[in-house]
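Shown next, in structure tokens, is the structure this report addresses.
Chains: A, B, C, D and E, in written order; residue numbering restarts at 1 for each.
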Amino acid sequence: MNQAAISATIWPIAFFPLLGALLAYVLGRKERDWAGIIATAASALSFLWVVKLVWALPEAHYFEDQLFQWISLADLKVDFTFRVDQLSAVMCMVVTGVGTLIHLYSTAYMHEDEGRHRFFAYLNLFMFSMLLLVLGGNLMVLFIGWEGVGLCSYLLIGFWFKNLAYAAAGRKAFVVNRIGDAGFLLGIFLLLHLVGTTDFVALQPAIMSGNVALGTDFYTLVALCLFVGACGKSAQIPLFVWLPDAMAGPTPVSALIHAATMVTAGVYMLARMGFLFVLAPAALAVVLVVAVATAFVAATTALTQYDIKKVLAYSTVSQLGFMFMAAAAGAFWVAIFHVVTHAFFKACLFLGAGSVIHGCHHEQDMRHMGGLYKKMPITCITYGVSVLAIAGIFFFSGYQSKHAILGALEHWHNPHLKEWIEYILILVKFTAFLTAFYMTRSFVMTFLGEYRGHAHPHESPWPMTVPLIVLAVLGAFGGLALSGSLGFSLEHYLAALNFGAAAEHHHESIAAALINSWTGLLGVGLAFVMYTQLKELPGMFLRLVPPLSKLLSGKYYFDELYGAIIVRPLEGLAAFLWKVVDQGMIDGMVNGTAAFVDATGELRRITQTGQLRYYALMLFGATVFFIIFYYVL
Amino acid sequence: MAVTFYLMAVLLLLSAVAVITFKNPIYSALALVFNLFVVAGLFATLDAHFIAAVQVVVYAGAIMVLVMFVLMLLSAKLEKASPFSPLYFGAALICGLAFAVTLGLEFDSGFNSAPPASDLQGTVAAVGKVLYSRYVFPFEAASLLLMAAIAGAVVLARRRYRTKEL
Amino acid sequence: MELMILVAKVIVALFLVALHLAAFCTWVERKGSALIQDRIGANRSAAYVQTDNLLLKPVAFFLRIMGGLGVINTLVNDAVKAILKEDFVPAGVPKFVHALAPFLAVFPIFLAYAVVPMAPDFEAFGQVIRLQVASLDAGVLFLFAMGSVSVYGVAMAGWSGNNKFSLLGALRASAQMISYELAMGISLVTVILVYGTLDLYEMVNAQGKLWGICYQPLTFLILFTVGMAETKRGPFDLPESESELVAGYFTEYSGMKFLVFWLGEFAEIGLFALLLTILFFGGWNIPFFTYPSNHWIWAIVGFHVLLLKVVFFCVLQIVIRWTLPRFRYDQLMDLGWKILLPLSMLNLVFYAALKLSGGIG
Amino acid sequence: MVPITHYLILALLMFSIGVVGVIVRRNAIVVFMCIELMLNSVNLTFVAFSKQWGNLDGQIAVFFVMVVAAAEAAIGLAIILSVFRAGQSIETSDAAELKF
Amino acid sequence: MSEFPLLSSIVFLPLVGAILLYLFPGFGPRQDPESRAVRAFSMVVTLITFVLSLLLWGGFNPQNTGYQFVENKIWLPSFGITYHVGLDGISLFLVLLTTFLMPIVVLASNSVEKKVRGYLASMLVLQSAMLGTLVALDMFLFYIFWELMLAPMYFIIGVWGGKRRIYAALKFVLYTVFGSVLMLVGIFYLVWAYYQQHGVVTFGLESLARFNGLSVQEEVWLFAAFALAFCIKVPVFPFHTWLPDAHVEAPTGGSVVLAGVMLKMGLYGLIRLAYPLFPRAAELFTPYLAGLAVIGVVYGAMVAWAQKDIKKLVAYSSVSHLGYCVLGFVAFNTVSAAGSIYQMLNHGISTGALFLLVGVLYDRRHTREISEYGGLAARVPIFAFLFLVFTLSSIALPLTNGFIGEFLILAGSFQELPGFTIVAVAGVVLGAVYMLTLYMKTMYGEIDEAKNGALTDVSMRELVTFAPLLALVFIMGIYPKPFLNALEPTIKNYIRVVEERRQMLKSSAPMRTRQVAEDQAADEKISSVSDKSKTALDALIVKRSKV
């Protein structure tokens, strides 16, 4: 970030949602409907402020807002600083923009819920945390937001807390995130210990200058620690298990937190710390492996899911994998590019799913849907556009970003995994194909064919459809708009994220682009055919290889595996420590000592006859004994 | 002089044995009174006249009268005779003998080199002088002790009117 | 020679003084009480002694006179009767204690006489003789010790009577004696303080000019009262109060043993009279007169002067006894603990202060 | 003159007798009296040593022993009385419970 | 010196209050005076104490690294015992914490129904003892206050506690006394050794902390004696089992004080006494202490997870949190030590608040079983909110106070003891596990109408109780600067002094060796004089311990 700082007022961006959260909760207790209005307004204000700032942001500069010194002790100094540079600007735009839309959407979606003042308060609190995360000028402020979004995620997943399973899902999300956070913290400690600061402005030159004579191992270590944090937040293997469960929350929450913004925080953090990661090729290789594996596993799992939100959840996990692939290749701007496009189309998909669920009276199983295109045309169209976007069909936004990812991977120049990159690419392309396939499957099952449910679906009201339309438009054209075709190139905008790894950029013809999107086309086409015409085919495939199908529908049994090797042993250990070690051994020793004293006391009590003459005899006998001992012996 | 001493010694031991052997505590008390007189006599042989007189006044005249008083107060109700316990008796006897013999032997050999007896006279004046000069603080403490003892005895022996015994 | 003198001293102290005093007191008790109560009293013994023998006529006359005065009755009749009477021992009493008690009651009293000087020193047989059996330099202490020991006789008598009356009497007696002993001890200390000696002879000598009563009247009063109580007589005869306890601690005694108690009691009266005389009334001193030499004549004179004073106090005690009504027991205790004891203490403090300021001695 | 050793041995014997009495007897008052025996034997040694070394401190000690004995008598007998009142017995073996 | 004895008045004001409490007019000779009056009076006393202690903060000069508000009066001159009190940055905040918590405890005493006067008097005496311990600069004075803490706590648990209160109270006292008796022996040995060298008997901490006549081995033994006492109080891992029992049985206020302040005394003792006095031994013991602390962190969290009783869970969480504090201190680094002290304050606030919350529940339902509750968030939203905030503070969410402390500790100790710290970081995860499990099981789910249907939300009085705690959670989380600024110079200086002393001791040979050799020779001479010295009687004579 060798740029110049401009002092600016940034704090209102984060402050509006915070204030909104408080007001929404306090005033919402009186009148529930106010909560949604306040929260949406707060979010919109925040968005406007972001726009204002971004508009004014000159190239190669960043805004800075030093609020106060948070921690100052010895050589540990942490300022509470907000910064808006290009990266933050992009993220802020996404967060506040998509966030505002989803707030708007929620006012309608949640309009019947008794606790919607809580809901909006949480949602605004989330906005606050997320903005802290992206605005934070150092890792510590980032970490505040990092944990904050985890908390809000926890609260929102468990929003319908009367269902204990939902609450448990929230807890799972928080705890898994916490594991990642622990890694993140260790990374911070390492940086503090060896570099002495977490401020990005100070950190980047310190690390890139190589003054920290610690070598690649240190960078790798720090990078891996931070990546653990990212894994937790962005649901990568092995910490991805919480995200599918997180669908317990209200659908707008899934859209905002578990698709568009929070889960991309890991990617953001990687991009933010990109200067460090590029110096740690081994770590990047790890990131690539994890990312590819995640993408593939999630994609395959999504194939067999029937719950529309679960499909979307796994698809999110898979797409996050794509983002990390880009980051792993050192193409951080690509990762951010995909974050943005993904935010558009995935939010749209989730909101669409929410619309469907809302319309079908909280039915989530796709097997009980179908034929909704007649009842909910807007939802259907927006959903369809987004499916095409995610499938990576040319000119939809997904194509632009995915193509960039593949391009970045093709230019893999990391000494590690160099010989494997070909195979990895094949796997990635296959995953992209699968993406198109399962997304089309969900579209077909939901909107085409005959209605299989028993409810009376209806189109959603305007506060829900407007965001859908906006997002669909963005999903369709956003990619093109950002890729430089319309005069604005995200790559150039985020030039600061290019750490020597200059990605080759080439304009391609439409035909070439269409050809390049062959994986998506194939997937869409295949799925369309299979689920509209050859309906027996999917079942046949699955029957062909029963273990595989079982594995897929069982989601690779990750939950069960973790339960068996981590959770339950730990629970058992806890019980063991309490019952056996604590009560049995330690307390047993203590009480045993007491019991021993007691018992020997009882034993000696026999000698305490209470008979005076007995005592006298003992007294005298002992005296005589000692006298004899002393004088005679 | 020596004859007096040995006579007194025999009387002393006999009366002491009598104290512990009489079944009737009154007899024991009488034997003890006699014993105390003999002790006073022994004090007199050691020229401790004041102490001898005090021995009679305090021990024989006050303490033992109190004991007798209590004995008589209770004697009507003291019907139970203590059964003889050969075990205790044997043990006590052995211990006592061992004690006496061991220490006796030790004394016998230990004080041969003691200086010849002085011609100290324990007159009232002599004792008083020491008592009121060097020992004036213990003396005052002793008076406090007695005061406390009086109060304690009164409190202990008073019949409890307030709290009816259960 | 020494032994002879000692025996003579004992004879003087025991027979001449103690027994005579006891006898005299008995007589005064019998006849005096009659006088006080306006009755004739013992006058029958020897009242009709007649003789034809001229030589014996004066004797008979003397006997009649004596009989009329009750002397014969007191000295002979009572004694003979007591000696001849059956020595009754109640059933189930410890005989030894029962027999021992009277002598224990008397023994210390007579022993106490041993330390009392009876006359001024005189020269005889080539040496200066003091009419005092045992010339202890701590005579007062010895007296005090003996006084406190005399409780045993009473206590044992009461206990060995196997009789509730006697036991109660004994309890009363011991409690009374112990209680009054405190005031007595402190008063004696006052006296010792004033005279600056424990030697009774020295005390008498100290009163050559002025009798002790003149400058310590309160001490005298206290000691006199205490003495009355210690003798368990007068208004203090709770232990033997005949209207309550038959005869108190000697209810179960008769005959000779009873007589011994009787004797002891009067010997005690005499002893106290002796003590008071010596402590406060100048012993053998005569006001405004100093014995010119230590010739034995003067010793005899002094002895009789002493006796005169003693007799006065004996009579005084007996008169009081027959005059005043008996205390109640709580009154007795109150007097001892709440009046005499604090009073004697204050008295002691007063004289100690006086002594310190150089007022006396 | 009688040597001090004889006084000591006499006191020792008397002390032993007292101890034996304390152990053997069960009547609290007799036990008490046996303790007096022991105290007296010690007093005897005090006075004997006092004489031996021409020092009055021993006699002073005896004096204080007597004071303590007097206090002990007052309190001890009062205790015995109250024990008797509570349990109608002054046998030490009957008072073995430490409470009534 | 002639100025107003502010520190003493703070220390003794509660004690005076306790005495006055007993002079309160009652109705009849034996009845309690009206409990409202008693409560109001105690409230006033504690509030005045708090205000006075705020004056302390106001008058405290953070740049002055020595003791401030010092009062030094001769007390027992023949034993070198002085009444010496003073305050530095470390004790300042613990004093403030104590005075801050006490009004809250008094306010929360409404649930105490029997013998209110005795309860509050005990609390006030306890406060005096705790404050005294914190400001004492004389070992003897320290020990007296240290032990004085036990008695009122014993009564608070034993009289106003739950079903097994006697067991818990006894266990608490025996445990603690066991340690402190060893400490007393250690104190006497130290004073004796000082006397051996300087010929002066003194219990003054400042003199003893400059004493350099101990051999390393002596230091090790003495440190062990001191550390055991303090470790039991903290409590560090294997000595912690008194804590759950005491907490579970203690009344709410007792738990708050116990967790809020008393546990800190252990670590405070380690800071104030054990480390400055025995710097070399402290260095040797550091890995063990750190190890135990880390075990405590993980173990406490694991066991807390398994608990079925809310209070017990919170109690075990204390074990875990105090583990952090100990780790932070033994890492001996400005950042971590400051974090450790900061965390002590945090723990006092958040765990104190949690105990108060449990008390609120207990007052209404008279059970602490987790399984008895569930779905309360729907019935008592404000309570649920408070519970959530303090839970989050407890699991160290950023912008709450807990985070600052935990972060400073871990960041600091990572520089000194990276291995231990990495394990301790696991506690961060486990903390979330057990606290959120607790929160989930009590607050979330379907409400059992039969059991919890009649629950009422926090009353106004309770809200007032929680408000200051709530405010502090955020103030200390968002703007810790005033606290850290006051702490920093003291801690820097403290660490510098200890390190310098350590270096100085290491470089110089123990000066007392000559003395010791002479002693040994003298002892041998004595033993050779008497033929009979080989007998058992000789063994009865306590020999002077040979070094």
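Operating definition for what follows: a residue touches a chain if its C-beta (ideal position, glycine included) is under 8 Å from a C-beta of that chain, and two chains touch if they have at least 3 such contacts.
Here the structure is a predicted model, which means the values were calculated and not measured.
From chain C, how many touching-chain steps at minimum until you land on chain E?
Graph distance in the chain contact network comes out at 3.
Please identify the chain with the largest separation between its CA centroid and the CA centroid of chain C.
So the farthest one, by centre of C-alpha atoms, is A.
Mind having a look at which chain is the central one, using mean CA positions?
Closest chain centre to the overall C-alpha centroid: E.
What chain pair has the highest count of contacting C-beta pairs?
Pair with the most C-beta pairs in contact: B-D.
Quick one: report the Å distance separating chain C from chain D, using the average Cα coordinate of each chain.
Spacing between the chain centres: roughly 34 Å.
Using mean C-alpha positions as chain centres, tell me how far chain B is from chain E in Å, no decimals.
A distance of 58 Å separates the two centres.
Using the average of all C-alpha atoms in each chain as its centre, how far is it in Å between chain A and chain E?
Taking the mean C-alpha position of each chain, the two centres sit 40 Å apart.
Can you check how far apart chain B and chain C are, centre to centre, with Cα atoms defining each centre and the answer in Å?
Chain centroid spacing, chain B to chain C, equals 30 Å.
Among the residues of chain B, which ones contact at least 2 other chains?
50, 54, 62, 66, 73, 88, 91-92, 95-96, 99, 103
Spell out, as numbers or ranges, the residues of chain E touching 2 or more other chains.
none
Where in chain D do residues touch two or more other chains at once?
Each of 19, 23-26 in chain D touches at least two other chains.
On the basis of the stated criterion, which chains touch which? Give every pair.
A-B, A-D, A-E, B-C, B-D
Which part of chain A faces chain D closely enough to touch in the complex?
609-613, 616-617, 620
Once bound in the complex, which stretches of chain D touch chain B?
That would be residues 1-10, 12-21, 23-27, 29-30, 32-34, 36-37, 40, 43-44, 47-48, 50-57, 59-60, 62-64, 66-75, 77-82, 84, 86, 88-91 of chain D.
Quick one: in the complex, what on chain B touches chain C?
24, 26-27, 30, 33, 49-50, 53-54, 56-57, 60-62, 65-66, 68-69, 72-73, 75-76, 123-124
Which residues of chain D touch chain A in the complex?
Against chain A, the touching part of chain D is residues 19, 22-26, 28, 31, 92-93, 95-98.
Tell me, which parts of chain B touch chain A in their complex?
Residue list for chain B touching chain A: 88, 91-92, 95-96, 98-99, 102-103, 105-106.
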